[in-house]
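When the chains are written out, they are named A, B and C in that same order, and each has its own residue count from 1.
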């Protein structure tokens, strides 16, 4: 079992899939000669050549559309956004073409494509470069949306995304590319649409994904071994991993066990994925709830550059802990 | 921009040299498009067709000429004004009309309507209704052809109103940068919806952009389908044999408003009449009479047969069932299987 | 538009009520005037006749549930009409008319709970062909007022507990799972009437001389009936507002007994009781001395024009006071008949509101229980009450000789705000005179407004 960084796990997933399937190619800004803004594609140009590792000009609409057009012809493009903030300029391509083409053509065409890159806040990048696009894309029928937080999940799910016959939005995180974790030496593919229990527990269900996963695990530790003399809580941390379709079965099984839920994520509260989860829980586990479902996410404001302001805006373990205690009446 | 001269209504040279069979074929195809659209317009006024209905009447020679310039397997990617190319590519009038009626046997099962015609088997690759957003997609088709070496050419049709929008620029940039086998055909019908191009384009000659994209270019006023075939054919050959994109501006004129709801009051006085006098379809009909010895009665008989065909299409669409209710849940997400992974 | 049926005001002292029993079900057609429910008021359980016609769309009130006057209890309308919409359209509760002077000191009725329409789940985007029908159902406003988590509610349901009997420790006193768990562990929170037998007895912390522990039994909370609550409220009010004075006098009932025996020999049914004679004597005395027939209302002394005598009737779980109206003008026989009828109806809880309202003075008799002297509490709105003890043979001195006579003590409770002990004593002496010379009860009543000595 190797210890890999997330960027290495992503690179290995791309490499293995490109070796496995000639139709797979990687396209994006700085993916070739520069080897990726975050070095996810290091060495791939040397291995596969410029035909399959394709540097683009700064044309998100253009290369997103080219990827879609190529996918409609049967290729398996991986489109890298240097950051998902730039996908905003390709938004029309993704929602009006990638997500719609299969339906709008009566099933004549499909669009097997992966749009991947870092999502949500990093460190002091200001409002335009710190946005979480989870809710934007998870809102769209016809897309699948994945968010990873460990090397194991990153590799297994990116391979699944590349093989998926549908358009898949694949969220990574700039500050997590160096996170290390165990990755099996043998090949494996994970299933899109399955959540993963990162820490089992019985008192509160903590639903999370992406960058909020380590924050949530930290909060669960604080809850289990409180330093302030309060009652310890056994928190079940569930990494949703896929934001569309959501693994409601896993969510409901846990909530029916713990009777309380907190959703912690990077993203705005209004109309967010957390709101979707809360809605589903209250509809399908109403009689199991002992407390209202709470969300811990960005404050409902644009991100500030200043370090202290940014820190205040992003969910911290202490805030998640407070929410866990609130629903557990501790 | 060339302006038609009312007295210069002689049969163009390209028509004179065309053979009788191909002339008759081109005339029939243009007439089919026109009668189809007139039938659709009538159905629209009867409330049988809803949404937007953008007619191609006046521009038929471009679709028919382009079809004569390409091979089976080449790809047509066009705008929401897509009936002409669909019929020219061989799509069934019944399926096209049923699509506009929102019926089950429609071209895409009734989910698309007038603006979203797709018929993969006949090389009709859409039907895109967001202005310009098909240009990168078409470039992607050409990218795939180059990637796989399938020898196919992609023809991307757009209107003069689409040249200012971002995706057009980005798609053409990438096509030029990567030497993709694609032909961009700008159908310049002089109006971006209701706004004349003097008020939408900084430079009227759209092909002046081609050098900036590193592309060859061509620009002409449509006279007849064979002229279109020859001029576009050259670009198709360049794409297929040299992997070189071309930007072609085709000066044309639509005789109807932008869509059914447009009275086209923005036209100048006499403008429509001047263009009608040079209607490429009428020119083709004149060639059949004047050069190939067909009579007015022959053409009338042809017309009546086509009208009957289109009336039949309308009746077919009218009587066809609506899509099954559960159809709305289909074709959204594809089940992942061993085969498609 | 559907009509919301409100909890009716069925007595002048009724401030809240209970639908004791529904006589109709959802879906039944109701005619105007049809009995649709039995309403338990503070005094009786009454049949409630509908003012409206229509189909029963919803029964909002749950049987046994206490509601404020004007609270929605049901919705009538056309079949298929939306009961919830009609309920939602009720922005406020009907305002009751001002109380009559006789009961003006009663507190204003509490506002009825606003009955929210049953929330309907937004239709999910699932491909269900038809939305689930909205079932008209009981809406329990009381339960709504109790904050409890959905889980706690479910657990309470499953364990047969009473949400109202559990203390919530969550935010806003919300009852949460932990509270239900605690109630289960402690054996509390049970619904009233938890089955046969008293609550479990256990060994007490004290033992007898042989070390055998005494038996300790836990206290039980008993939900008071409407009647009990009303009695509690009104008696408290009486003792708080009315400075009582008490005067006791002994009355020789030999003559009354002799007369009663003669009367009862002459009639077949509706035998006259001593109590009927006392009522008659009290009524005549009030007519003779109307200054005793006074009450204080809003700082004013009000002298009643009429003499309506209330007769306390003991029931299993309380008491009611039916009224003999114009008792001063009714014959002894008529009074006897009326008291008997009213008493039967009272035992059956069938008294109508007007049969229990408007009394100006009451008589309470505990003689049948062997009580010889007691003091009664004035029913607010009345001028006084006469507490009647047992008639028993006593050794008395008559004309210097020891004699055995049938004697009875009566105690007047007077309202010191409106009269004093001397006036009460004069009045009590008048009652004594009537009863010791009972033939006077048969004299013509004194004309209204001209008090005169009995003669």
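Methods note: a residue touches a chain if its C-beta (ideal position, glycine included) is under 8 Å from a C-beta of that chain, and two chains touch if they have at least 3 such contacts.
Not measured: the values here are computed from a predicted model.
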Central chain of the complex, centres being mean CA coordinates: A
Taking each chain's C-alpha mean as its centre, the one farthest from chain C: B
Distance from chain C to chain A - Cα centre to Cα centre, in angstrom: 68
Gap in Å, rounded to a whole number, between the CA centres of chain C and chain B: 90
Chain centre separation (chain A, chain B; CA means) in Å: 41
Chain B: positions in contact with at least two other chains: none
Of chain A, residues touching chain B in the complex: 25, 51, 56-57, 59, 61-75, 89, 92-93, 96-97, 102-110, 112, 141-142, 144, 160, 163-166, 192
Residue ranges of chain B in contact with chain A within the complex: 106-109, 111-112, 116, 118-120, 125-128, 130, 133-145, 147-148, 166-167, 170-171, 173-174, 177, 330-334, 336, 340-341
Interface residues, chain C side, partner chain A - complex: 121, 124, 149-154, 169-171, 176-178
Residue numbers on chain A that touch chain C, as the complex places them: 259, 283, 286-291, 329
